[in-house]
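Please see the structure below; I have some questions.
Per-chain residue numbering starts at 1, and chain names A, B, C and D are given in the order in which the chains are listed.
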Amino acid sequence: MKNTQSIADETQSNESTPSLPDTVQLISSLSNISELTDVFLSTRQSSLTICQNLSAEDLQAQSMPDASPLKWHLAHTSWAFETFILKPHKNNYQVFDKDYEYLFNSYYNAVGQQFPRPQRGLLTRPDLSTIFQYRKYIDEQMLALLTSPNAHVINLTHQQLEQLVLLFINHEQQHQELMLTDLKHLLSINPTYPSVDYIETLTPSKNKQMLEIDAGLFSIGHNNETFYFDNEGPRHQFYVNAFRIATELVSNAEYLAFIEDNGYQTPDHWLSEAWQKINANNINHPLYWVKKENQWFEYTLSGLVPLNLHQPVKHISYFEANAFANWCDKRLPTEQEWEVAARNHGDQLQQLFNQLWQWTSSSYAAYPGFTPPPGAIGEYNGKFMVNQYVLRGGSIVTPAGHIRCSYRNFFYPDACWQYSGIRLAETI
Amino acid sequence: MKNTQSIADETQSNESTPSLPDTVQLISSLSNISELTDVFLSTRQSSLTICQNLSAEDLQAQSMPDASPLKWHLAHTSWAFETFILKPHKNNYQVFDKDYEYLFNSYYNAVGQQFPRPQRGLLTRPDLSTIFQYRKYIDEQMLALLTSPNAHVINLTHQQLEQLVLLFINHEQQHQELMLTDLKHLLSINPTYPSVDYIETLTPSKNKQMLEIDAGLFSIGHNNETFYFDNEGPRHQFYVNAFRIATELVSNAEYLAFIEDNGYQTPDHWLSEAWQKINANNINHPLYWVKKENQWFEYTLSGLVPLNLHQPVKHISYFEANAFANWCDKRLPTEQEWEVAARNHGDQLQQLFNQLWQWTSSSYAAYPGFTPPPGAIGEYNGKFMVNQYVLRGGSIVTPAGHIRCSYRNFFYPDACWQYSGIRLAETI
Amino acid sequence: MKNTQSIADETQSNESTPSLPDTVQLISSLSNISELTDVFLSTRQSSLTICQNLSAEDLQAQSMPDASPLKWHLAHTSWAFETFILKPHKNNYQVFDKDYEYLFNSYYNAVGQQFPRPQRGLLTRPDLSTIFQYRKYIDEQMLALLTSPNAHVINLTHQQLEQLVLLFINHEQQHQELMLTDLKHLLSINPTYPSVDYIETLTPSKNKQMLEIDAGLFSIGHNNETFYFDNEGPRHQFYVNAFRIATELVSNAEYLAFIEDNGYQTPDHWLSEAWQKINANNINHPLYWVKKENQWFEYTLSGLVPLNLHQPVKHISYFEANAFANWCDKRLPTEQEWEVAARNHGDQLQQLFNQLWQWTSSSYAAYPGFTPPPGAIGEYNGKFMVNQYVLRGGSIVTPAGHIRCSYRNFFYPDACWQYSGIRLAETI
Amino acid sequence: MKNTQSIADETQSNESTPSLPDTVQLISSLSNISELTDVFLSTRQSSLTICQNLSAEDLQAQSMPDASPLKWHLAHTSWAFETFILKPHKNNYQVFDKDYEYLFNSYYNAVGQQFPRPQRGLLTRPDLSTIFQYRKYIDEQMLALLTSPNAHVINLTHQQLEQLVLLFINHEQQHQELMLTDLKHLLSINPTYPSVDYIETLTPSKNKQMLEIDAGLFSIGHNNETFYFDNEGPRHQFYVNAFRIATELVSNAEYLAFIEDNGYQTPDHWLSEAWQKINANNINHPLYWVKKENQWFEYTLSGLVPLNLHQPVKHISYFEANAFANWCDKRLPTEQEWEVAARNHGDQLQQLFNQLWQWTSSSYAAYPGFTPPPGAIGEYNGKFMVNQYVLRGGSIVTPAGHIRCSYRNFFYPDACWQYSGIRLAETI
């Protein structure tokens, strides 16, 4: 990793060197271990900040198998530091509680069996105060490790340690986003529409254009200068045909026009599997939309609010994004098209980062030459590479500095509890 | 209702007048309204006592659709006083929160729609402290009503008021039992086997006999002297053929012999539907039994303890009780046989009341002449009279004074999270 | 078994000696083995007659797990003679095909494993012509046994042989009824409403009265004079309270009034479990009713015909029967009430036998003193005694001579593909 | 379409011009309409030939929702000619039976509603002989159209007619393959392992090499010279990195080694979703493998035969193919790699065509610039482009002449009832 904040490195023909939006501040390769320690501590604090005004009950409940209780997220992110750093690499480390190895393992078969995911909301013990103690204990142990590595670290170079710590800082940031989306889903089920005073404001869409981008052979994937997840590499050549991409995201107004044109009742627009799903589940509007007395509202983390037509439409599934695109004779971009556009024409595109995740038409798959690392860490990404679709760009609940051009998020095509929206594309 | 503690009233030929065990203290017709007020307050307090050492999270989680969160029980029992007494019958009553009508309605269609039962564990709002305030508010309002009825009661005689209050005191007692069985089920899912320091000790079985009882025409059903639920009447004549009934409950030792004789692997013993269920769900021992290193343990509210062979076997489904009875060439008693034996030969039978609910072979059905009362209260019992089986006698977690000879509990034949056991019978 | 065609035998106080309707011709204890042979042959022929105008495909398909293909019925009824009579009791018997032991075993665990019931429709081999050969082979072998028992029978007295043969003649008759109801269900799924030219005509209801019957102690169960299934005994005393019973079945006109009074939309009428089922499955009329251009039709074995308002309503589930009864402030009779009325007042009741099975409010359970015979035959009835409800009286597709006063049919409370109707009762 | 039998057309840098295996005889653009008529008639006859020794029952049953009854295939392929050619384009065409529009529509929403797919096996009417008449009628009508188009064709040029006929000839060929795979699945459920005397012999694998192929920019997709489906185009540029591809398919011996190395018990090899599926369904060997007395057998269309270790392993799901590849540190090829290798190095690769479909790692998606044609025919392929994976190469049950280099078959990743196998690849 090189010491630079820039993600633009391309030297190939069709790529300029755009400046990235200010909102994207990367946790990049850090100048020294004390800087890393600061980031560690502030990241750990951020998880607690999310829970600040929530009750123990809010942190306990699990609204669906795909979501987890916030208390579980608090424990699991600590478990990750304990399992992958402290246990194997801290001299004489004493585990906080040996049961946690099982209770808070998400999906690492190489670590051992896992408590069944759909039942995480039933783990009322350990209670919240014990989990807070657990976090404190892990923070202290990590601090000892980071502040006097020579005295404590075993079986690991300092550089390897830094890389591991950086990985699990990023891991905790991923869970911070999930904490907010899981919380929103949980509260949305409550018929009283609770508010946690988190205003969801996005940059409005106001003047959408289709930006033309020429064909060419491009480098795709991380550029090695900043932190990245294994699935973002290896960097490789990819030929992209000429295409156009929308400069803005699809707005609530545009999506409403689709609904009012019987979009959810017209099979032509929908993938066959999507058509079955929306009919089986009586879906005829985005997840959090609510119609009351002929007026559309939207459930948000600040409660039920009137639908703002200028805002980008959010909480859209891949199925819905694809149907909407068909309806207006466009399509979704591939993830390579998105990356080429963002990297080289980012200044002409609005709402690229930290607004809404943008569905691409790319099934989540290994890049050419990708091999997961050996051991448990190899389970981080690789084993999910089937039947999911890639989203790019990050959302308003993605932690600042967590996102970059090469970042690949992925969800099943019917998932819609993330802050996901639509950027259109078309073939020239 | 007459003022008497005795449940024995029969004057018919084949019935003696036995004295009932001391443990059965009935909430009977109370001498005056101040006595009723005391019972009201102590019953309300008992619900809180159950929650004493539990966390907000313990009270939030719901382990299965059949169970409810303890917080929900706390709210619903208050809702019942509010809905059936305060709202219609207290002058100028102001509801605590209008949303509760929907949130805490269990199954009363006549009151309105209900929040879906399987999602009760997702109602993190109102939080626990708000529910405690709700309970306090209801208690104060009820106290005002009871201490100066003339000033407050509308559309109701004092006697009707007393009957209604008595009904919902009994209703809250039923929920107290469910709070403990639902809690046990929830905690049992936690792989750390949490203890809440509640020791489950039953009278041991040590000298089981089969007591012979002659045929005859008996009066079945409540005797009108104490409080009773509508399903316990009307009292009616029933001809019972000669039979024998066990003086004690089946012990863990006896049940273990059934297991070791491949009871769960031998289809002959099982009802066809039971055989499908135990195979589909890999059931081969009672719900809370755990085998560790070839030794049997049992999960209890005081944690995991070695199986005590002399104790009655508990948490048995109807399917298991029936299979066990077949295995030893006996059968379960009908509910009429149970009632006749308990009423007339109770002193010769051990573990009759407040030990374990005892499955009978009787499908839960209306007694001859039964008609549910009109309105929402008519939904209390009648609409459940299909596909469930009657249990008699009460368990160690049934509130003292809640049980009587004519009491009919009922559950689906695969249910086993109640404290249910086996008393055998046979035809002569 | 005595040689008599009469099922009326009671000599007890409250019973008169009614004459039974002509339609009830019993296969009773037969005077000699040659008479039995005739009945055997004609019963076997009847199964073939049912299939007369059906294609191999009609006999192959299985419309739901509860139903079986007609080809399977043809094979299974032959399998029963082979398994329970020929194999154990015919000297040097050679099985037709050893695979059939597994393929055509319905549910007899004592015989061995069974081919999974929901997949019976996938057994395209053996094909129909092979099954016809199988039937011929079994008939020949049985004929040899019956015509010269001395030469062929082993391990069985002649009387035992006769009883076994009689049992499996009755078994085949039961399957003949199922063949017709399973066929109707299968064809009803075909959107072309096929006809097999079987006119379903019942005696119309025209002047329903409520007949009063006094309380008393009655003998319930078979009277030993004719063939009976084990579940019809032992005969025992039962006290019946005074009641009234309808002289006729509920008509389509009456049931239509229930529908038009929003019967299916009013939760008060329905058992809680029924309410869930009809809502989950969008049920709002009897199984085979079809509304076309605001007109009610009914699918029958002679195709789609306009609903005849005077005919008894048929294909009603227990849930529907119970809801209808609640709607008109009546109830269903218990099976004992039905039997007492039919036995003693049969001449005042219309449509008692061979019209429609009549739901009773009695859960299917063992009579006092009932024990299933040992071995596989003990699985015939006993293991189904849970969660099903008793029907009495027989239907138009019940073979002539198969029915009697003590006959107990039983189905799950949501079953409606049998010819089942409603006879009302009420408590005095 | 040009008049040529060759599929090799490339003129680009990295492509040689290989000769294709003899077995690949394409239904290409035909020289004249009489040639087309011959192909039409022989294709129609082939469907009947498949059914030659099967009973009406074999053609009726449907073993799972993904499969269809063979009778349904016979009808549906005729329905396709009727719906897309005869009805709109034959002057004064009289439909054979108006109900068929609904009964035999597979999934064309633009044509109208469809009879529910999982219930196709319940359509016993029309019976087999009627479907044979239907086929005859369609053949006669098509023949009239083809032999004197001037007299009969409306709203269509002759060239358009030829293209449509060619499309539905290919459509019928696709169904011929499904008839055999659906038949095998159906018969495999029968515990008697029926044979239809169809020997499944493949070219053995004996000397597998990894062939190295250089990186380059290649043309992917049909070359316009022969018939192709819309999903095979448009032809476009694709950059392929250097890779190696196996010259032979994975053999039963190799796959057995995977099994014996606990391949099905080791989570590391499996995608997360695959691991859940194989555990939930107790899968631990290929679909049709059977172990008897410690010996492996395989169910085939000629019955149960000992597993031949030299033959390629078949009936493998994508999940299994992927796990096997992981186990031996290889991977599956992308569909572009497969096409490049087949087109340019086909002579060095064994078992390319008409042996087994070969899973690729490519999720089934639109090629750049793909847009489905308008109307019902647009539903042929496009709406299935999600969550399925591409297979290439064709199988022994693919009709001769139906396959080509650019052909894209696709199935869900857990599907294994097709003749699907494994060709490995690796990154250099």
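Points worth noting:
Heads up, the rule we're going with is that contacts are C-beta pairs under 8 Å (C-beta built on N, C-alpha and C of every residue); 3 or more make two chains touch, one makes a residue touch a chain.
Please read these numbers as outputs of a predicted model, since none were measured by experiment.
Chains touching both chain B and chain C: none.
Comparing the centres of all chains, each the average of its CA atoms, the largest separation from chain C belongs to A. Centre-to-centre separation of chain A and chain C, using mean CA positions: 60 Å.
Chain A and chain D have Cα centroids separated by 37 Å.
Separation between the centroids of chain C and chain D, computed from CA atoms only, is 48 Å. Residue numbers of chain B whose C-beta contacts span two or more other chains: none are found. Touching chain B in their complex are the following residues of chain A: 55-61, 63, 71, 99, 102-103, 115, 119, 121-125, 127-128, 186-187, 189-192, 194.
Listed in rising order, the residues of chain D touching chain A in the complex are 107, 109-110, 215, 217, 236-239, 241, 243, 267-268, 270-275, 318-319, 322, 331, 361-363, 365-366, 368-369, 378, 383-387, 413, 427.
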